[in-house]
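Look at the two complexes coming up: chain A is in both, with chain B in one and chain C in the other.
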Partner chain A sequence: MLLHPEVLAILLVNTLFFLFALIAFVLSVRIVLFYNADESTSLQYKLQKEGYLASTIIKFIFILKIPLFLFFVFTLDSLSNLITGAMCAAGVVDATVYGNYLFVLKILNLYLFAFWLMLHYRESKREVPRYTKEKYIFFLLLFILFMIEVAVEFLMFDAIELDKMVDCCGTLYSSTSASYISTLFHINTPLLLGLFYANGVLLLLFYRLKNRYFFALASALFFVSALLSLIAFFGTYIYELPTHHCPFCFLQKEYYYVGYLLYALLFTSTFYGVASTFTDEKRGMQYSLLYALIYMFIVSAYVLSYYFKTGVWL
Partner chain B sequence: MRNRINFYLLEYALHSLWRQKSKTLFIGLVLTLLIFLLSALFFIASSIKHELAQSVDALPEITVQKLQGGKHTNIPSSAVDTILSIHGVEDAIARVWGYYYFQKAGVPFVLVGVDPFEEQYKKSLQKIVDNYEISSQEQMLVGRGVYEIFKEHHYEESFNFIKSDGSLYTLPIAGVFTETIELESNDMIILSKQSAREIFAMDADMATDIVVKVANPEEIAMVASKIQLAFPDARIITKEALQISYANIIDYKSGVFLSLFIVSLFTFFMIIYDKLSGLSTQERREIGILKALGWKVELILKEKFYEAALLSFVSYLVGVSVALFYVYILHAPLLRNIFEGYSVLRSSFHLPFVLDFQTLALLFFLSIPLYVAASIIPSWRVATQEADEVMR
Partner chain C sequence: MIELKNLSKSYAISKEQTSEALRGIDLKIEEGELVILKGPSGSGKSTILSLIAALSKPTSGDVLVDGKNISKLSDDFAALYRGKNIGFVFQKYNLLANLSVAQNITLPLIPLNPPLHELEAELESVMQMFHIEHKKDVMVSKLSGGEQQRVAIARACINDPKIILADEPTANLDKTLSLHFIEILKELKALNKTIIVATHDPLFFGLDFVDREIEIADGALV
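Let's turn to the complex of A and B:
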């Protein structure tokens, strides 16, 4: 599978990331070991300069990681045409043992990179930086996670076999299958929906109260409840099919790529929500709330428009 | 996190690029050339993929071939009746076709036998048979490419096929067809099944293979397995399998090209890195003055990033547009030989215009990150120079 052009492109960019992250890693280790803001030796000046390089590299990786992640999802989707049995990215993700871990790891890393940059931005606004060492210790952890991601990605693409039959999303996300996802469908829908909308109300409430810690907590919970309700309930309205629960199919052309919009809204909302613990600016919470509300509006609109069109609920 | 575009800085970056004309021009040209080569390759690949997908789309759902000792041989026409008795089969047609190698020109033709009163297995073929009526059994219709070859060898009215026993078999040309997908019809000759059997020295009750139409796509796999049961020695090819293997061939070809191309990508990286590292005294002075004026390191880095982004964006646009011109207007001389076979006749197909987001994104990830990455360390070197050292 490695010779597929899209896969090659992803691996090439990953190699680039690997080399530059390695540079940033070495620099970070030096900073963590030797940095001392109270000294004014030439070493300290040098370290400070190297800090600029490290942060530029991390910024570079993050800025490219976002479109690359979209491209990755898009590639998985297009690979599903080539693999027997797969009808969307879900089949390709499930084709190897690595797929699911890689997906979770990728999303986690995106968040961590974004938080790192947020931290870095706050630091550079300060007169006297306070958390320089901590910042780079954070990066060292991030580096390890990132390296695991790069390695797992390579393993996954290497392991995909074109002539092996895989499951399609219809079986993976059906309520009869024995997977852990199917337990989700035993939670009754009103409860799930109640949680989802109650979470939305909580976001609004904490925003009014200006309590950013509770807001961040509510935002993280919102992410979970939104994902669960999307798979268990809202997805079926997007597909207009009561048995289809796939979280990947709506990334496809048939559904006007609406999945990209939904996930983008959800991810940015959660990012700003959780990140608002770091800052006392109100803007982060505003963005978070706005995106969450747009998300809620869109998924609810799918349900309502289905009801108006057909007169029944699914 | 809120990075708005600073237009004054953008303007400064533009002027800065302009001040170092020769350097900018050199890097821009190399980058443009790189993007051009890559995009031309992928445009050709996606066009061919599109064309192949279209021609496969027109095929019936299942093709049945008989194997003997692992090799494809003729199948008795009577197998059609057995296949027709399977539930879910809409129609089964015995095909008579094959290749005829025209030695003088060194070109193989595809001979397709048709029965004018039978329903054809493909719409495009049906159209040809309807439009150009073959008045008698002893006539043939030829594709444009075939006709050119015939004319070159002075066969303007008829053509002499050499049969397997060495005797000649003459068929008059009834017409030249130009319709349908060029990739498949350019080297095609349509004649009656009877004539085709005569030329291939086949028995009257034999066929090359059998195509099966299945109305419900859900049933294809089931029908295929039933045919396999009835004919254990047959090779059953479904349309889907064919589509996948075609797509794989094209992907594989561009993948091999790309993996070889990685060497040049790496070279490109080194060139850019080297070129950007060499700073003129003029540039050093400039940075020194900026720093003395109170610009922070971040700001200079940002300005350098703007320069890189501007340059790569323009190169990307130019590279892609030149490639579009090269592939779809000039029809990609030289490069398309990678994808098509070695046959003389096949080379005259045209490339349908296909431009999708996926290809553009692929091009982006193969070129821009490389350039920006190569510029990181040189930019950082520039930005962290001490003002007093530089201006001294």
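Let's turn to the complex of A and C:
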């Protein structure tokens, strides 16, 4: 599978990322070991310049990681045409033991990179940066996670066997599935929806109260409740099929790629929401709330439009 | 007010070679002082000015202005510091040829986004001070050397800076215009500005209103 054009493109970009991240890693190690803001030696000024280079590299990686993540999902989806039994990206993710871990790791790393950049931005707004060392220690951890991601990605694509039968999403995301996912479908739907909409109200409430810590907490909970309700309930209205719960199929053309929009709104809203813990600027909470409300509006609209069209609930 | 502490600056010439422009400079300049930095070309005068203006960072050492270490400032704050505290007259004036006199002079205030009436008032004030109000809408490329210099000084003064730095300000002027610039310096000194002029023009030496003449040679104070 490694020589598939799209996989090859991902692996090549990963190699570039690795080389650049390695430079940033070496510079970060030097900063962590030797930086002292109180000294004015030539080494300190040199480290300051190296810090600019390292942060530019990290920004470059993050900015490319976002479209690359979308391309990764797109690639998984396109690979499903080649793998026996797979109907969408879900089958490809489940085709190897690495798929699910890789997916979680990629999302986690995207968030961590975004948080690093936010910390960096906050630091650059200080007259004299105070947390330079801490910022680069954070990057060292991030580098390790990123390298694991690159390695797991390689292993995953290498382990995919075209002639091995895999489960399709209909099997993986069903109440009769043997996996932990099936427990999700036994949660009471009104309870799940109640949690989802109550979370939306909480976001609004904490925004009005300007309590950024509670807002961040509500935002993290909103992410979980939105994801669960999307798989268990709202997805069925997108597919107009009560038994289909796949979190990947709506990334496909048949559903107007709406999944990309929904996930982008959800991830961005959560990022700004959780990031508001670190900053007293109101703008982050505003963005978070706005994206969450748009998300709620779109998924609710699917349910209501289905009801108005057919006169029944799924 | 301005304190240079063990200040060094070197420039890379090639991978192996560096040129030391400044070597362990220690210097204090008080508020309201007019100081002439003199020395031959390449002695490090301009480098000192660019470090005080936070246009570049030292290789080692500190530049303290009002007790604040400006050599450690991040880029955004260095720009803010320059906008509030520094007026810089460059050797070649660094005016934008395609802009008018008024547009050139008001450039330093644009990032601060002041109300239009304030901008106009400041512009009128500095143009009158340096006698160029009659050229307000003329493109700077159409001005004589002396007029261009006055525009450059007006631009350096429009943000009412505490510190005025002039790098070889009379290098492109004849004697009459150079003497006129010296008169302008006198006026600025009367306004209690801290002024540092880097020059090797003998016209600046031995002036009675100059507080100090500091000689630099080979990157070190003589």
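Methods note: the second predicted complex is superposed on the first by the 314 of 314 C-alpha atoms of A that agree within 3 Å, B and C clash if a C-alpha of one lies under 4 Å from a C-alpha of the other, contacts with A are read in each partner's own complex, and residues count from 1 in each chain.
Heads up, the rule we're going with is that contacts are C-beta pairs under 8 Å (C-beta built on N, C-alpha and C of every residue); 3 or more make two chains touch, one makes a residue touch a chain.
Worth saying up front: this structure is predicted, and the values here are computed from it rather than measured.
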| item | value |
| --- | --- |
| Chain C versus chain B, contacts on chain A by residue | B |
| Touching partner for A:S124 - first (chain B), second (chain C), both, neither | both |
| First (chain B), second (chain C), both or neither touched by A:F74 | first |
| First, second, both or neither for A:S40, with chain B first and chain C second | second |
| Partner chain in contact with A:H244 - chain B first, chain C second, else both or neither | neither |
| Which superposed partner A:L82 touches (first chain B, second chain C, both, neither) | first |
| Residues on chain A lying within both footprints (that of chain B and that of chain C) | 49, 124 |
| In the complex with chain B, residue positions of chain A that touch it | 3-6, 8-10, 12-13, 16, 20, 49, 52-53, 56-57, 60, 64, 67-68, 71, 74, 78, 81-82, 84, 117-118, 121, 124, 162, 283 |
| Chain B to chain A touching residues, read off their complex | 1-2, 42, 45, 244, 247-248, 251-252, 254-256, 258-259, 262, 265, 297-298, 301, 358, 361-362, 364-366, 369-370, 372-373, 376-377, 379-380, 383-384 |
| Residues of chain A touching chain C in the complex | 37, 40-42, 44-45, 48-49, 124-129 |
| Complex contacts: residues of chain C adjacent to chain A | 5-6, 8, 57-62, 69, 71-77 |
